[in-house]
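First chain A sits with chain B, and in the next complex the same chain sits with chain C.
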Partner chain A sequence: MTVVVDNCSKWYGHVLGVSDVSWQLRGGIVGLLGPNGAGKSTLIKMMAGLLRPSRGSLTVFGKSPFHDVAVRRRIGYAPEHEKTWDELTALELVTVMARLAGVAPHDARGAAERALAQMGMTDAMHRRVRGFSKGMRQRTKLATAIAHDPDFLLLDEPLTGVDPIARVDIVERIRKLAAAGKTVVVSSHVLYEIESLTSEIVVIYRGQVLAEGNVYEIRKLIDRHPHRIRVECDRPRDIAAELATADHVARIVFERGGVLIETRDPDRCYDALAQVVIDRGIVVSALSSPDNNLGAVFEYLTGESRGRA
Partner chain B sequence: MSDAPVPARPAGTIHDLGYKRYGGARLAASTRWLVIMRQQVAHGWKTWWRFKAALGLGVIVTFVAGGVMFLLQDRAVKGVVLPEGIAATLTDATLPRAMQWYSRVAFLVSLTIGARVVAGDVQSGAFTFYFARSVRPRDYVLGKLAGMCALIAMIYVGGPLLLAIARLGLSDSTDELIAILPVIPKALAMGMLGTLAFAAVPLGFSALVHNPRYAMALWATYYLIVGGMAWVLSRITDSGIAALDLAASLDRIAYYLFDLQVVWGRSKRIDPALALGSVLAHAAAAIALVIYQVRRAHLSGIGGAS
Partner chain C sequence: MTDHRVPGSLETVMTIAALTWKRLARGRALWVGVIISSLLVPFASAVRSSGNAGTGEELIMFALLTLAVVPPMFVSSSIGEEIEERTTTYLWSRPVPRWTVLAGKLATLVPVTIVLAVGSWSLAMLVGPQRPPSPESCLALAAGVTAISMMAAGIATLVPKHGMPLSICYMLFFDLPIGAMPISLSELSITHHVYTLTGMFRDGATMPRSLLALAILCAVWGTVAIWRIRRLEV
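Now for the complex of A and B:
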């Protein structure tokens, strides 16, 4: 068993980070899903050995990562935050991280080069991190996590802020790591990101495990929740007229400079919307979804469960 | 998760990952302080204004002091300008007098690097990088302290040692050379004491607050203003409180160590034993503070908690 979490709780003073979580992880890729502030990062940091559980126990490969320095060698952690030693080049940064993880001095540079190559950063490895884009920073962080060849990877929001092309590439590289036998935990607050990586998810909400298992089952629950799409355009009435009769559209509300569509089938609605825009030559200035975060969905799910009770 | 299917592990399959699994040595956690020390030195060396400029000043101090030694020892100068004997005394006085200049340069380094170390790591989130790897709080403290010592020692040990060697080279005879040979261990001892003070004390200030700028300001205030106030208080109260002035204490120890009878400046009011006690107490208190703060930060998850 890679990770065993047994009745684990973590408080920050009076603030509860994780509450009485029990969970076991054997291997493969597992997605840790939850809205911002749900406790994902706290759980990941406890698995990385950065935080000590306030109550309960958490072991990685049978040892407490907070107390056992040796087991931390087998863990690779890419934090959520952006902060790094920006003045270093990517190669210098990853080399230092490999050495801090115990890689011998004469091997560290080679290990760093291989890790950066694996993350597609060979061409940029001699550039300073300061000048990197968000996507390049994420890749560099992933390289720091894998440079010492750990067995267990903890990736906290590795796809946040990454452009779609880089996202596909990073997802593919993470999948390869799992295929090579590494256990990977990836956290995200965006369901679609996790779906592209794995079908095994653990849903954290308000510090507790709300659901765990197959992503498609949980997706079905989520899809029952009406999804809102806000379109800012020059002719909102044309869009409303076209979509008003569609069976997947539950409600249409006119707003200043646009229209808010509530749908039970986001995929079909986006297709229909694109078709209307093209057919009628409508100029769209912005397209957003107020529900594009799990917080709203979780509120819905928990509200629903309370309602049933 | 217990009912979830377990992904099959690869059996006899080699995945093309673009790299081989690391098969080299894994070093013991007890060696990690060396990595941190090296990183600290590399960080200081990275830009001109952090360390190289101060090192340049240290080199200038050494050249100027060496030049003064040479001029005072030169027979022509001795014959023309100064009576015999006085010149020899002044030559020997050059090294301890130069220590106050090394102190000023070391203070600059302690300000640009030392006072920012822990606060900078907390602010930059570097604690996450350290403690998510096989690094213990004591490795961190030892590594940072050793790194600062290495940087300060280049100036505070290297400079005086070169001057001591130069002094030996200026000896007129083998007898004189043998007589002044203790100048080498004295320069080393003085250099190491000053290095400890300028490495440890600002590190302590850097652990007091989480903002590097505030830490720098605190250290500068303590060194420059509190020291001066302690000297004034000592004049008023006629007590040994002037030993709180680190710069004056180091000067006093240098004068005592090199048998300099004439004592200049603030250090006049400080007893050598009290000065030594003050420097050691400052360093010990600072190291204890760093250990306490880093351990506390590690336990509470600072840098690890968002």
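Now for the complex of A and C:
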């Protein structure tokens, strides 16, 4: 087991960071999802050995990362903040980080060059970090996290402020790291960023884990939350008229250029919808299920939490 | 990954020291430090032209004033900014003991400050009283720089956001005034002991005592800094 979090809580004075979190991580890419201030960074910093739990325990590879110096050799951490040592070039920065992570002095420069190349920074590696764009800073941070070839990567908001092209590129590179056998934890408050990386998520809100697992499994847990199907078509009223009386349809909402159907039985609803479209010759331009998007799950889960509070 | 080598403490200190030097050399702080330290030379020239360049007492007082500013400027700002701007997260997430980060910074900043302090003192002595500085006075300044740097490190770990101004205020409004008082409280003053160690104005018999006092003050502030840095969470 890479990470075991057992009834772990963290307070900053009277402010709650995370509360009574229990969670285990075996491998692969896992997305930590939650709004700003939810406790994602606190959890990541505890896993990186920067914070110690106020209560409970947290181990990485069986050791406490705060107290056990050696286990941090196996961890690669890219913090959320942008600040680095701007006076250094990217190569100098990554080389220093590699050396401090235990890469032998004569290998450190080579390891830094490889890490920067992996992040697409070869052309800029001799430039000082001071002049870098946000995307280049993020890539450099990721290079500092991977230069010592860690087993476990903690990437705190690695896509924040990155332009769409760079985002696609960074996502692909993170996926490659996971494919190479690394365990990767990525945090974000932006749903589609996580979704583009993994379907394995942990939803955090107000310091608590609201749900974890595959996004589809999480969806199953939400039994009171009807499944939604959005149909963009030329005659939404015909579809509504046909499905309005079906017992599996909970609600129908007209939207611009289409209709949103909420159903308690998605399989039956998809069958009925297909039948209506064929029978009436309706032209469907798009069919989507917002519930397959993390956004719907997150909104529902956090809404539930607020409702309970 | 197969090799889980953890860097040795000395190796880490050397790496941090090299990093600190690179950042210092490329930043503005070094040049500001050079300017402040070298103010002693025109001051010596001014004292000499006023016809009062005999003992060098004015010079050592002025040198102590620069010591109140330059080491805090280097050490407190280096440590305080690192904590405040959270770049320590890069260092403390590595497999290195936290004290090595402190030691690495001091390993660069203390010698650089000693060179500035002793260099400007030597030049000032040549320009003012027109004699080379005594080895005792140079050693006294070196010891003083070390002790003030430890104090600055301690304060920076306690109050990272305002480490530099607080360290300078400590020196200007606590250390220097109590050092000038003829009471036992002056034993707590770094500048008092530096003044004694120069051997220029006080009985040489008190020098070992001053050296011991500086060593104790270094140890106390060093302990504060290490205790605090081990507990800090960023």
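We take it that the second predicted complex is superposed on the first by the 215 of 309 C-alpha atoms of A that agree within 3 Å, B and C clash if a C-alpha of one lies under 4 Å from a C-alpha of the other, contacts with A are read in each partner's own complex, and residues count from 1 in each chain.
Heads up, the rule we're going with is that a contact is a pair of C-beta atoms (placed from the backbone, for glycine too) under 8 Å apart; a residue touches a chain by one contact, two chains touch by 3 or more.
Note that the structure is predicted; figures quoted are calculated from it, not measured.
J.: Check chain A with both chain B and chain C modelled on it and let me know: fit or clash.
T.: Once chain A is superposed (C-alpha atoms), there is a clash between chain B and chain C.
J.: Between chain B and chain C, whom does A:Ala180 touch in the aligned arrangement: first, second, both, or neither?
T.: The first partner, chain B, only.
J.: Go through the superposed model and pick first if A:Val202 touches only chain B, second if only chain C, both, or neither.
T.: After superposition on chain A, A:Val202 lies in contact with chain B alone.
J.: Touching A:Gly161 in the superposition: chain B (first), chain C (second), both, neither?
T.: Once the two structures are laid over each other on A, A:Gly161 reaches no partner at all.
J.: Who does A:Gly257 touch here: chain B (first), chain C (second), both, or neither?
T.: neither
J.: In the superposed arrangement, does A:Asp151 touch chain B (first), chain C (second), both or neither?
T.: Second partner only, chain C.
J.: More residues of chain A are touched by which chain, chain B or chain C?
T.: B
J.: Considering only the touch criterion stated at the top, classify A:Gly62 as touching first (chain B), second (chain C), both, or neither.
T.: A:Gly62 contacts neither chain B nor chain C.
J.: So, does A:Gln24 touch the first partner chain B, the second partner chain C, both, or neither?
T.: The first partner, chain B, only.
J.: Pick out the stretch of chain B that clashes with chain C after the overlay, from 39-47, 75-83 or 165-173.
T.: 39-47
J.: Taking the two structures together, which residues of chain A meet both chain B and chain C?
T.: Comparing the two interfaces on chain A, one with chain B and one with chain C, the shared residues are 45, 48-52, 69-70, 72-73, 75, 77, 79, 81, 83-85, 87, 96-97, 99-104, 144, 149.
J.: If we count contacts the way the header does, which residues on chain B are in touch with chain A in the complex?
T.: The touching residues are 1-4, 6-7, 9-10, 15, 17-22, 24-29, 32, 35-36, 39, 43, 46-47, 124-126, 128-136, 299, 301, 303-306.
J.: So in the complex, the part of chain A that touches chain B is made up of which residues?
T.: 12, 17, 23-30, 41-42, 45, 48-52, 69-70, 72-73, 75, 77, 79-81, 83-85, 87, 96-97, 99-104, 106-107, 111, 114-115, 117-118, 144, 148-149, 176-181, 200, 202, 212-214
J.: Mind listing the chain A positions that touch chain C in their complex?
T.: Chain A reaches chain C through residues 45, 48-52, 69-75, 77, 79, 81, 83-85, 87-88, 92, 96-97, 99-105, 144, 149-151.
J.: Enumerate the contact residues on chain C facing chain A in the complex.
T.: Chain C reaches chain A through residues 1, 3-7, 11-12, 15-16, 18-19, 22-23, 26-27, 85-87, 89-97, 233-234.
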